[in-house]
Amino acid sequence: MELSRRTFLKSALVGGAGISLLGFDLTPAVAQLKELKIARATETRSTCPYCSVSCGVLIYTIGDKAKNVTPQVIHVEGDPDHPINRGTLCPKGASLEQDILNPRRLLKPQVRRPGSDHWEDIAWAQAIDEIAHRVKKTRDDTFIEKDPLGRTVNRCESMAWIGGCTDTNEFNYLVVKTMRSLGLTYIENQARV
Amino acid sequence: MTNGWIDIKNTDMMLIMGGNPAENHPCGFKWAMEAKRNRNAKLIVVDPRYTRTASTSDLFLQIRAGSDIAFLGGVLHYAIENNRVAKEYLANYTNAAFVVKEGFKLPEDGLYSGFDAASQTYDRSSWNYEEGNDAGGAAPSHAATPAAAAPGAPPPLPGMPPKVAYDFTLQHPRCVFQLLKQQYSRYTPEMVERITGIPKDQFLKAADLFTSVRKDGDMKRVATIIYAVGWTQHTFGTQIIRTAAMLQLLLGNIGRAGGGVNALRGHSNIQGATDMAGVFDSLPGYLKVPAPTDVDLATWLKRITPTASKPAPWDSFNYYSNTPKFAVSYLKTFFGDAAKKENDFAFHYMPKVDRNYSWTQLWDNMYRGSVKGMLAFGMNGVAIGPDSQKNIDALKKADFLVVGEIYPDETSEFWKSPGITPEEMKTINTTVYRLPCAGFAEKDGSFTNSARWLQWKNAAVPPPGDCRLDQDIVAQIFLKVRELYQKEGGKFPDPILNLTWPYVDAQHPALADLAKEVNGKALADLTDPKTQVTIKKGQQLPGFAWLKDDGTTSCGNWIYSGSWTEAGNLLARRGTDDPSGLGIYQNWGWSWPANRRVLYNRASCDPSGKPWDATRRQVWWNEDAQLWVGNDVPDFKPDSHPKDHMGPFIMTAEGVGRLFAPLGLFADGPFPEHYEPIESPVENALHPKQSNNPVVKKLKTAADKYATPGDGFNIICTTYRLTEHYHYWTKNNQMNVQLIPEPFVEIPVELAAELGIKGNDKVKVTSARSYYVAKAFVTKRIRPMTIDGKKVYQIGIPIHQGYRGIQEDEGKDARTILNRLTPTVIDPNAFTPEFKGFLVKLEKA
Amino acid sequence: MSTSHVVSSRPPAREPEGVICRYTLGERVHHWLAALTYIYCLITGLAFWSPYMYWLATLVGGGPTARFWHPWFGLGFTLSIFWMYKMWIGDMRITDADRRWSKAMRYYVENQDEKLPPEGRFNYGQKLFFWLMFYGVILLVISGFGLWFVESIPWSLRWLRYTAVTVHVVAALATIAGFIIHVYMGTAMVRGGFTSIIRGEVTSTWAKTHHRLWYEQVTKGTSSQK
Amino acid sequence: MSQATLAIKRISGHAGPAPGEGVERDYQVCKLVDTTTCIGCKACEVACLEWNGYEFTDTVFDNSYQTMPETTWKYWNLIKFNEHENSDGTISLLMRKDQCMHCADPGCLAACPADGAIVQYTNGIVDFQQQNCIGCGYCVSGCPFDIPKFNPATKKMFKCTLCVDRVSEGLEPACIKSCPTGCLHFGTKEDMTDLAEKRATQLRENFGFEKAGVYDPAGVGGTGVIYVLHDATNPEAYGGLPKDPHIPWVVKFWKGPAKWIGNLAMLGGILRVTVHYLRFGPKIVDGSKHENGGQP
């Protein structure tokens, strides 16, 4: 009874001091600096796919390109060497990581059949086969060799190619090459609008 | 861009109009800020809205959407009246001194000479130079030549006189300068105010500031004009840009560091797509497509190869005289051994084009039922519009649609767009294939930026899931078609069967191989007779100067020739040296043509070959070497002595900048004239009887409706992008969606008050086509305007939303494709739809 | 009230002169609830108060734990004080006897208790302490909420944050002052006081000496009841 | 991280000096925000979020381009927009990047009771160490810029770190790197002050902004983020930048004099009762027999 209170306080104080004396540091650790997350990641130089400024971007991927690593993007930032953007990026360019790693990405070929209300999965080989047959049939059905004045025109006006804004020069070239050889006249691009 | 992104830092004066680079090209806009910081350059912004670009300006003027020619014409008038012109430049480097044919008439009544009302076309034969010699006084000590075609413009049609009548004193009443002066004498400050709504005093302030670079005849200072689709997306878009080019020629700003007319393209590679002829009316390198009248190769080449047309004392390089070499090399690349001299290099394989197959026509004809199939790769035609509902209705009539995409988009899901009932869905018989493509980080290849720089990029990761590289998909479809033709035969299979396919892995063509093919190679041993340098058969060509018209060279696109030589892939160069400090970066990537960074840079020197401004030396004549040398690659014949007076605009037949655009260059007039947008709240103050561009034709299906103020559509609506979003793409990106989560309509405070609309209220915007629902953004940044005495409001809507995106997915019935509202009329030259400045009604939803 | 102050039913203490129940079990429980919660708040509060006492937080489980429990213990303390208020409000009103006593408080301090006028169940000093704690806790709890949910105070009302800080500190210091005296008197100074709050009993002498009026009232009541 | 402690010159809630105080030479880092070239593009917002990798926020359009009303615990960098009407009736769109100011005399650190929860590095960066944070929110009261924000799930405070992970590796902060117009600049405090003053002079002399000036408030000892403003006399127009920020006097008093007054009072109380005991001793009712109030 007599001891009850003062004893408790005393032992607690001594205990606390004891913990300290025994090397238990009561001072919390400070300055746990975050590590640089891209320190040893692989850096790939690319060009922003958005506007026409052509900002250089650095895409950082996991691993050092060793065989047993599947690279995945962990960060994207501007290329400081690029003379135009000098490392800067706009809010679209700065979010490119979210474009590459986007849960909304389409991941498999699909087809929507006439009258259907849903997408169906389709194998690549079958999709390409079906498309090729449709292209050939449409071309064969509508190909114009001579116009009403009898002049050779060799064109196919019933199919169109519309190309996007982020197609590379080389892809555009391949498109022009293949589509013109099919005789297409409706070859248009984002460049028009 | 005639110049480049970095080059903007060299300027003293900027006029940004029809563009909003701070929001849409922020990283390029830094160079405008650098000019302000380092040169105290001034920035004038003219826009329907006070944009984020305007927030950094020294002078902002709110203009009525679609009245840009009136403004620029007013500045031209001001410059001439106040003698703020670059006289020597004007006389020597433009066609100011050229005498125009008798019979040419200026459009006081809204029409140039030669108009045929029935066909809505011009007979342009009177829009030509007079043939002859000196029609005025004595020639100036240095004579010069004309031409300001935008880069990539097609060569003019033949028909210009080889010897043009001239008056170097610019006094002849029919000389271009006098006609120009007369044309814009009507664009007085008072008239500018009536048309544009810009108060006279503000206009004069801007005109004075902009032309101040030529105050007191000074030639050292330079001004630039920067624009984007705010100019092109009009039924007179090309002519707005021409007005700007003319103003820059008048002020002597073309070809100079910190000058030029700079188009800011909206996408990473639509410059490349245009160069590579991803559009119906050209072949790679801006060669004109063959027409049915081109019965053989020779006829075609004769039609598309211009001949020099100049005053007798002057010289003209007329570089397009080499067109046959480009064209034949191109045919050889496509058809290889099947393209022989004997068969006109397989010229008959090429489809012949004699009408408009452009974007709106494509949808129109699909809507009418004649276009049965479409392959859309990375191109969201429904969202892009114009008149998205018409495009949806068109797709309902197609047999098949192949979409290559990385995200679900409006186009591939047109068949379940908002408003389509389950019953209607059953009646839509279009088969839609949606193929998962690779994103930018998964592909290599090159983009061409707005400044014509080609840069190679590298793939960082493989495509996810079952995605395939776009080039593989196209190759595989094509090879399958080819296989079918091989097996089954069919209509005219020759071009398909004979198309060259020299790729190591046929099903997976490497973009590097394609890039090499584009550059071109020797098909036989070639020797330059001058230097005796030899190129062995099979070697990459060092540049387009080596191209031949005899079938001994191949080249997929002559303007890209020199990009992947025996020295390797120049597109991937990363040299960061810039000894001149002008931001030229000769060793970074590669720029067409021939790695020149500023086009027409010969004009940066006076006629004697000395730079106008010694502190910004781009190129100059080296008398000792008898050569043009410099920090940039001279855009000129390197050994042409200044005394020969070769015009600096080597891509024109005249050799000079064109203040007056002769003959068939433009469909709607050799000088720009102000016309009202197709949907305008007012009549044309210059000529009310001819309010619109006379050659613009409206489409005629049931879907194509156009409004008039009489129908109650009296608010001007303009469309634009926000800096937080990219086109119809980043609505799939959580990061950007959080920056601007919802669609909105920017409404002036005064209009909102009139209609009882408060910020964040839902509003409905209705055009003659359709309606759009979004939140109201009530802002002080758009002010009411007085147009020709009438109070007019403008509103603005960003383009970025639709019905597929994080915020708009199925079940939300998002009526937020902006282009449901936009009209299907197009510019008669570039065929770009009039997205900017149409009429709407506004109400609380 | 008086019915609660019955004589303990426990067997008589060693000294037959008698023991008197000073605090019922319920009263003692509440006192110790208040005491323990207060002490917890005191320890943690002192830890937050000064870097030189931050080690106190370590004793009770570390800073975040201390920060987590401090407001809850504070609420517990508040509730026990409110309970005490309900229990003792009748005894805590300042009376004329208190006023007389207060004038002679010097004698109390100097242990000359014989010179003091008689007092009731609680003397003036105890009542002052009670009211100090009562009003103190009201201020502490109100300001405490401001500190607890500081991030939900909008920037425009930031003066509330500053007020909360000031009030909490001032109120806490005031209660600490009272607490020091209270503990000193309850343990060291007034012998018998500590036992009374533990066991609930005091001797008649003790009661007579320190709380004569109460003693008289209780014994009168007892005799009348028994 | 053994050397890292030497990079610390101030520690919150810490008894005794910080290990790095006055030990090593270091330069003060500083961000310069030139609001006259800010285009409100929000690249800095995105770069910040991308680098630090926090979750996205569901936002709502609110009649403005501004992403959200205020910074949050997981959104440290916010451009504040203001359609400002000038005296001549014209409009300016004022845009200012709001973030931690990294005050030389940080109110958050002064207010923080938790040992090591807030540190100031020798290069001037003020950084929260979440593992030491007790979530008390005192920093909120200490900050004159409304910067520290509370994560209710983890009960920790967060704010801009000035990309200490990048800066300590010799890189610039993510926001600085991204800024397209160069409105953001990074360097030593000395250089940034110099640059800012030059720019302000240029704005006054060449661009007609007679009131242009630099915002580097002395009330908090100067800041690690300084602004160039078109009108330095009206910083409030830039999304509520306080005109004369200082650590609230309440906090100063609380963490300064009040501490000593309180400690002395407490100590004095204990001393007084001790002296009292020694002087007067206990009150014993029943004589020496029953010290403890006559209890058995």
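By letter and in written order, the chains are A, B, C and D; residue numbering begins at 1 in each of them.
The criterion applied here is as follows: a contact is a pair of C-beta atoms (placed from the backbone, for glycine too) under 8 Å apart; a residue touches a chain by one contact, two chains touch by 3 or more.
Predicted, not measured: the structure shown is a model, and the values here were computed from it.
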Tally the contacting C-beta pairs at the C-D interface and at the A-D interface, and name the larger one.
C-D
Of all other chains, the one whose Cα centre sits farthest from subunit D
B
Just the number, please: Cα centre separation of subunit C and subunit D in whole Å.
40
Averaged-CA centre spacing for the pair subunit D and subunit A, given as whole angstrom:
36
Centre-to-centre distance between subunit C and subunit B (centres being mean Cα positions), rounded to whole Å:
85
Averaging over Cα atoms per chain, report the distance between subunit A and subunit C in Å.
67
Mind pulling the subunit C residues that touch 2 or more other chains?
63, 194-195
Multi-chain contacts in subunit A, i.e. residues touching at least two other chains, fall at 28, 85, 88-91, 93, 95, 98
Indicate the residues of subunit D shared as contacts by at least two other chains.
14-15, 41-43, 45-46, 50, 114-115, 117, 132, 180, 182, 292
With touch defined as at the start, can you tell me which subunit C residues reach subunit D in the complex?
13-15, 47-52, 54, 57, 63-64, 66-68, 109-111, 113, 147, 150-151, 155, 158, 161-166, 169, 173, 176-177, 180-181, 184, 188-196, 199, 201-203, 205-206, 209-210
Which of the residues in subunit D end up touching subunit B in this complex?
36-37, 39-43, 45-46, 49-50, 56-65, 67, 83, 85, 90-95, 180-183, 199, 202, 206-208
Subunit A to subunit B touching residues, read off their complex
42, 44-56, 59, 61, 71-73, 81-86, 88-93, 95-96, 98-100, 102, 104-117, 119, 122, 124, 127-136, 138-140, 142-143, 145, 147, 149, 151-178, 180-193
For a test of understanding, state which residues of subunit D touch subunit C in their complex under the given definition.
13-15, 70, 113-115, 117, 132-138, 140-141, 146, 149-150, 155, 240, 248, 250-251, 253-254, 258-259, 262-263, 265-266, 269-270, 273, 276-277, 280-286, 290-296
Please give the residue numbers of subunit B that touch subunit D in the complex, ascending.
22-23, 26-27, 29-30, 33-34, 36-37, 40, 50, 52-56, 58, 60, 722-724, 734-742, 744, 759-760, 775-781
